[in-house]
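Everything on this sheet refers to the single structure shown next.
Naming follows writing order (A, B and C), and every chain is counted from residue 1.
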Amino acid sequence: MVTQKTLSLPPFPRGFHLITDLIKANLDLPKTGVLHVFIQHTSAGLTINENADPTVREDLESSFNHIIREDEPFYQHTFEGSDDMPAHIKSSVVGSSLSIPITDGELNLGTWQGIYLCEFRNEGGSRNIVLTTMS
Amino acid sequence: MVTQKTLSLPPFPRGFHLITDLIKANLDLPKTGVLHVFIQHTSAGLTINENADPTVREDLESSFNHIIREDEPFYQHTFEGSDDMPAHIKSSVVGSSLSIPITDGELNLGTWQGIYLCEFRNEGGSRNIVLTTMS
Amino acid sequence: MVTQKTLSLPPFPRGFHLITDLIKANLDLPKTGVLHVFIQHTSAGLTINENADPTVREDLESSFNHIIREDEPFYQHTFEGSDDMPAHIKSSVVGSSLSIPITDGELNLGTWQGIYLCEFRNEGGSRNIVLTTMS
């Protein structure tokens, strides 16, 4: 059985943001299955990482900026600003979707796991997410 | 309900290539569900990124080559050529599969999203893809 | 139809490890479907890569260490050791889950594809994996 819902997230500033509670509040989970979370954008992404120490989110932002740099001399796609092409690259590195097991009617995340929205643009605005449960 | 099909892609040159239409032409989609796309190779990958400006694809190729370099002195797996080990690394960075929501009988991609084949070898040849719909 | 099982892996040393047989030994696969493999940790990951030459696994470890470095001056999350923050970053790069098609009752991996546990901590200990089949 498949259920599906589209969720429009509020705008987040550039960076990595915990959205586990926001996602959970919009779900009516089956007993056993898989939740698929999909972001409909190419300059933002989704990942799972530490849900406790906020410096992990800050260090992820610093690290992605360090590894995938703005204003590389070989970029051609530059007309939308210095943050645009790096945002596309980062979105392919973290990916556009997550699949999470559902067990006993709950997301079966590990103790330290949270769902992150990765906002790679300076002014990304609202982002749409499609939530699909399969059971 | 699950349907499945294997697709043999024509050879593509090294680089990032839009294959959304090629995939769509081989699908008979259910009303609601998830499409799983899986590439059966370890030196190519699949990702979702911008479907409009072709320089995004060129910049992705330049960026991946810049971050994951050929001929690193610490590579041991070198007997298949300079492009081989970087291709393996890149395939783990972008991933071997995609999952895309199906809504109202269509792939529910965002306006700017397209499906990319990432061909990381100089002469990768034909690549096999397994398409599975779950509904 | 959905079946699910949790698997506790034995501790692996830091590095990339083939666990295809370990996963297969714990599965009773349907005829057609998708296997979802999920790791419940934020300093380890899962990927698919070459199952033959062991130097590919060693080169992946060297490359990830080269690209995502320890002791970057901008890291704030440092109290768990030099290997901790890089492990979080690497886990977001490779991802926490895999989805693999099931065809004729077998995992439909390519000839050269194997399932890897990516252990990014020096002493990661036992890791939990949730296996879900959808058919």
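Simple rule for what comes next: contacts are C-beta pairs under 8 Å (C-beta built on N, C-alpha and C of every residue); 3 or more make two chains touch, one makes a residue touch a chain.
Bear in mind that the values here come from a model prediction, so they are computed numbers and not experimental data.
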| item | value |
| --- | --- |
| Rotation in the CA alignment of chain A with chain B, degrees, nearest 5 | 120 |
| Shared interface numbering between chain C and chain B [over half = same, under half = different] | different |
| Length of the line joining the C-alpha centres of chain B and chain C, rounded to whole Å | 20 |
| Residues of chain B engaged with two or more neighbouring chains | 67, 93, 95, 99, 134 |
| Contact footprint of chain A on chain C as seen in their complex | 2, 4, 36, 38-42, 67-68, 72, 74-77, 85, 88-89, 91-93, 95-97, 99, 128, 130, 132, 134 |
| Chain C to chain B touching residues, read off their complex | 32-34, 47-50, 53, 55-56, 58-60, 62-64, 66-67, 93-95, 98-101, 103, 108-113, 116, 134-135 |
